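The structures considered in this document are given below.
In the two assemblies presented below, chain A is common to both, partnered first by chain B and then by chain C.
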Partner chain A sequence: MRIKGFAILAAATLLLLLATGCWNRQELNELGIVVAMGIDRDGDRFRVSVQVVQPGEVAAKSGGQSLRSPVAMYEASGRTIFEALRKMTTVSPRKIYASHLRVVVIGEALARQGIGTALDFLQRDHQVRSDFYLMVAKETTASSILNVLTPMERIPANDLYASNATAEKAWAPIFGITLGKFVTDLGSDGKQPVITGIGLNGDAEEGSNTRNVERIRPAAELQFSGMAVFRKDKLVGWLNEEESKSYNFILGNVRSTLENQSCPNGGELALEIIRTKANVKGHVRRGEPQVEIRLRVEENVGEIQCRIDLNKTAVVDELERRSEDRLREAMSKTIRKMQTEYQLDIFGFGQAIHRADPAAWRRLKRDWDRNFADMQVKLDVKTVIDRVGTINQSFLSKLEE
Partner chain B sequence: MNSTALNAVLEANIAALREKLNNSGDLIVREFLIGSSAPAGAALFFIDGLADSHSIHQFILEPLMLQGASPMASGASLPGRLKDSLLTVGQIGEIRSLDELAESILSGKAALLLQGWDFGFEIAMAGWERRNVSEPTNQTVVRGPKESFTENLRTNTALIRRKIKDPALTLEERKIGRRTKTAVAMMFIQGIASDSVVREVRQRLDRIDTDAILESGYIEEFIQDEKITVFPTVQNSERPDSVAAALLEGHVALIVDGTPHVLVVPALFIQFMQASEDYYQRSDIGTLIRIIRYIGLFIALFGPALYIAITTFHQEMLPTQLLISLAAQREGVPFPAFIEGLMMEITYEILREAGIRMPRAVGQAVSIVGTLVIGQAAVEAGIVSPAMVIVVSITAISSFVVPQFNMSISIRILRFPLMALTASFGMFGLFIGGFALLLHLSGLRSFGVPYMSPVGPFHTGDLKDVILRAPHPSMRKRPSLLGKRNPVRQSRRRGGGRR
Partner chain C sequence: MGNDGKISARQFLVLLFLYTIGTTILVIPSGLATVARQDAWIGALAGVLIGLGVAALYRTLWGKYPNLSFAGICERVLGKVVGKAVTLAFVFYAFIGSTTVLYYVGNFFTTQIMPETPIQFINGLFAVIVVMGVRMGAEALARSAEIILPWFIGLFFVLILSLSPDLKIEQFQPVMEARPNEIIGAALSFAGTASLPLVFLFMLFPRVQMADQARKGMLIVHVAGGLCVFLVTLFSIGVLGADVTSRNMFPSYELAKKINIGNFFQRIEVIMAGLWFVSTYYKTSLYFYGFATGVAEMLNLKDYKSLTWPMGILMVLYSLVVYPNVVYMQHWDATVYIPYILVMGAVVPLLLLTAGIIRSGLPDGRE
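Up next, the complex of A and B:
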């Protein structure tokens, strides 16, 4: 009896296997693995370009590398992003598979018109994760950014991803913005979003050729530059390097960077910032919003081009004080620029106020841009120099004796 | 059984036995006279090759024919005198029927019948060719005893007795198989083994009614719990030390004449993951090896299925670089991953089977061809991807870290349905399969003991010997479900060393 029941169950299960038709099954060599996507404006439509990996050209293989490009680029236009992607099957032999998307580049023209409509697909589609980096193509189109072959990393998207991640750790003006982070800021009342900018240097035409990576110095290069400032989903302006740096200091995004400074008696010196801690605290005093930014910075002396005696505590103290002044000045300049020029709270001061005094925030947020422009910002910067490197005195001091 | 009584006339008995054995050529009948003054007719029966002819000459024929001549003590009958003073042999029994006569000489004994008496003697004279105790071939160890059971029942019971010199170690013997009359010995330690288990084993053995038992595998299939399962619920071992350890935990051992594989019941899942060496190496080493073994079990069971699931359904789970390199390997491979995996697995199973079955002399040729088929050539021809070769190879190797061969076969069988499930449903299928397996395992019993104990039902105290191998001083108690009649193994005091 039991054997009979078992047999029937087994037969039913076997039939079930046929019925599935291997639902959603895709072999690895049927996937067009998209690593980068570019979105531009094309009249009233979207122009979507994707960078698809050619696995055979990228994977480590013995016997040298072939001359074919490691990635292929497909472009298509559509009223919706989805339409454009599906339309690509008319030229691509494989279906677009976007789970491994690493970078999405948005053309500056589209960014100025607003990117809200473009981002819905990226958030909604089940294949796409939200942990890729968003970038804005500065003064060019997304498609031309994706059209450049890069040395070191054979896949240009990986190059963008990796250099963004590396710069984020070692160079304060750059900070990677993922889709998740951008959308969170977009949806928040007290903070306006920013996106990393990516620029193209050199000969764009030559950059798309494999010759570009055969040269010792590529004809075209991709370079990160500053942050794009958004009012809601529309790009309104750019922060330069100095301003981007201040922005990241205020938000506590800086892990390590360096800071140039002039010596007390002329010449330059560089301080390596090894640790920072930022804290933004909001208050509402007599109805007026205020924030206080506390920044704690630990530094090492990295390079000296002048005669100073680091054995003296007073000298080190002096360096600390100058560094504090400089940081404070740069930050307040950036804040002032946002307050006066854009009236745009990219720093999240509104959120700090919201946390500190929710009741007052409900009143303030109605006209937050104005309130932001008028608000008082206190800066409390403290830096500590820990180490001076492996030598004390620069040999310069001996040269001049 | 129709049991014809022996006749008082010697010639009639000889004729009857000849007829019963169909005049077999190896039946030796030696007729001779005992004594010289008043000679009494006698006949000695044995099977050439089963009985030791040298001993027969020395211990039966010589005393009877030479010393039998000495004056007969008054009053004593001839059989009594034979038994009491003439036969210088340890084991002597009486036989009264023709069937007994046939059975005793077929078991290698010599039988002595006398003219004028309707009974005779069987004399233990077994002396056939046998293999020496040698190193175990399947369950090898780096550290630990290097002896294994042989085909001889007596040798095997002696090997166990030599390890446990306890009067409570009980041995019950019975003959199973109408034609083979195979001796089966059941060993357990009175006072440790649970009565219900011993009774159950006894009953199941008595229920066997077959004509032949040639190996302990026959017994295993007759006595195992009647549930459809691929998992073994009877353990077998060729190592006296592991059988002795099992007896001390309260298991029952079944030793079958003619095979070096001794059965141990009840058998729990964890026993199949324990090797005797775990207990001979220090406990930290033992624990590490156990953990490795469970990882091996996981890979052997789920390896190819997991690979198929991830590469055909869940590519997003792979790191990008890995995905690209796997995709590159699959460029130009014509089959879906499932078919590819199935092909490689089946090829491997064929190779493995060939490796066991082939004549030793052609071994080298087969292994060369085998490595080519399963490796380089198949990849270079573009039939399979290198990654799949890696997966199949690591799976194959992993299945061998399971110390019990019959468990590793079960795992191999299960691999295929799991692969089919994941090829159709991805991870979802894998989990369904995994849970079904877990449910099935939890429902199994071996001689009334839950198969998954002490994990399910859960016994905290017994977990010292599942994934961990606790140091011996801290394993104070026997496994609670088996050895509960005498739970304590040792006193709390630790052994030597500084206190």
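Up next, the complex of A and C:
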């Protein structure tokens, strides 16, 4: 009996050894939750900067908000991204935890040299998910972009993420590029990648201070501007606002935006685009690649600054026609620029050819840059104006009489 | 053979379903996309067709010797000495199979979820429940599978339904670009993982009650399991794209990471991983069951159960060394594995059937 009792006790004690928890426990108070990462060039090494959430500062509190910064920024250099991140433990009390990464910003200088080597880690590491936005710091370093405190959203990374997501829905020149999307385009033969550009306006020095968010108008602001165009993983140029817009129209990325347009008899009016549908169709005729872009746009009249008679259907027809012309012209200008200036197929025309005629594509892809530059692009744009807003005739027509 | 119970025709079919999906669902989409790119799903469909042939072959052999296990058939058809030799090869393969699947489990955990936990403990813990299940016998395994099946199907539907808005048709185009030999290569690797290991079910066949019903449903259930894996492959290509699918170690896990409905229903991939833990458990158990009962029968032991713990320890130890590293695993799976399983899963049963017919005439379901 005693022996049996002893055996049970011994077994229970041994089992206690198994109950000490697991190797991979991640205690919340030991994690430095990274929300944004910036990657720059530092000689022949990478300079990595991270924004880490200050848990105490972002937790909901009664009694007003403290004056401390809601995030801390750490920087370290390394030959590899991984080395730099681990080296941060020499300055940070907590280990970097990357599962909640929202944005990764890449400095323009690094982007021009090529970002392929910087991105492998982000795909390989098991903590990192591929749903964050990539951005290129336009004319500045990634570190200075991450060094700005933002109003509205306390955590700057969330501010960047949310403004990218918002602009994508309401402003055609901006579209969010996730790591997954970028790498897919990078691995594809018939499409060169682009990344959203982010710029810094105002006083960079003041931007990092909590004073920046104490003012009504912050001294430093982050602003999205255009798309960076890549040849494979190297940045080769920028699309301006108009060109980025055309790019997004062609790829069917536009959900809603607006188009300014001159009235038939002078003055401006704005059309709110509420729905678009784009379709790129490729085919090969007599060995020559061609694509046809069909764009269907639904819009409403949003603002009028001129004298037109909105009671006449002919006027609406005229507006539709002008809007089509404008879109067509903007798109063909952008395509021509890519064909002549860069010889760079960012629109995925090569993919369209590949989908349509795999055999011809095998031949064409060998010299796709040149074939792209010479190819014929047909544009078929149709816009429909549905509504004119809550008033029909503008009071402006009375004003000028 | 020991008396480890009877399983009903329905329970057998549930086991067959999970056994078809186990590990295949986790590892196969990547391999298919590497070979056939955006046509990987065609390769999967062709693999299901091959699987249909394989299942039909096993059904015929089972119908001819309804009361014999694989070891028994070997001895009956090939005589004592040759029969034992073939059984030895069979048992050895069951052992290798159980250790490689166990390696997959540990590899998945240490790559995706708990990189710092030593793989010995993950494999050890998983092996303990495998050994437990096999010790309790086929009946206990079959009943637990019946209980778990609805959960499995529920998770599967969540995966498919919540990802269907993300399917992009362009990812599949151009269709049929892969050359026929690439499609066949993909189909073989699919059948090699999903169908040919079914040969180890021969150790289970004598336990099945109302075997006629089980045989009737066998083909359909095997195809249903194959179609589940086909769907996962289809979604991997359609959501992730062929390039990402082929480059990913575990594309179906990456797929589960993509689930995001309204920024609210998201980050549930670890729950989704239940799909492969469950199915992989039954796959490992049946390999191990084939191993343990095969050895017992080969050595004319009355009961295989006393073998299970020592063999379980062997399995864990061997799972740690069976592949020196992940790169080796991918290389071996892509090159050596397919001919190996073709010999064990197709050539040997075909020989047995032919020899059996020569010796005793066409199968009539009775001996």
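As a convention for this text, the second predicted complex is superposed on the first by the 382 of 401 C-alpha atoms of A that agree within 3 Å, B and C clash if a C-alpha of one lies under 4 Å from a C-alpha of the other, contacts with A are read in each partner's own complex, and residues count from 1 in each chain.
Keep in mind that, in the parts below, a contact is a pair of C-beta atoms (placed from the backbone, for glycine too) under 8 Å apart; a residue touches a chain by one contact, two chains touch by 3 or more.
Because the structure is predicted, anything quoted here is derived from the model rather than measured.
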item	value
First, second, both or neither for A:Gln351, with chain B first and chain C second	second
Which of chain B and chain C A:Asp131 touches, first, second, both or neither	second
Touched partner set for A:Gly389, first chain B, second chain C, both or neither	neither
Residue contacts with chain A in the superposition, chain B compared against chain C	B
Partner chain in contact with A:Val58 - chain B first, chain C second, else both or neither	first
Which of chain B and chain C A:Phe6 touches, first, second, both or neither	first
Which of chain B and chain C A:Gly187 touches, first, second, both or neither	second
First, second, both or neither for A:Gly116, with chain B first and chain C second	neither
Where chain A meets both chain C and chain B, residue numbers	22-24, 129
Interfacial residue positions of chain B with respect to chain A in the complex	228, 311-313, 315-316, 320, 323-333, 336-337, 420, 423-426
Chain A contact footprint on chain C (complex, rising order)	111-118, 121, 170, 173-174, 177, 240-241, 243-244, 247, 254, 257-258, 260
Residue ranges of chain A touching chain B (in the complex, touch as defined)	2-3, 6, 17, 20, 22-29, 31, 33, 35, 53, 55-56, 58-61, 97, 99-100, 102, 127, 129, 155, 158
Chain A to chain C touching residues, read off their complex	22-24, 126, 129-131, 180, 183-184, 187-188, 351, 354-358
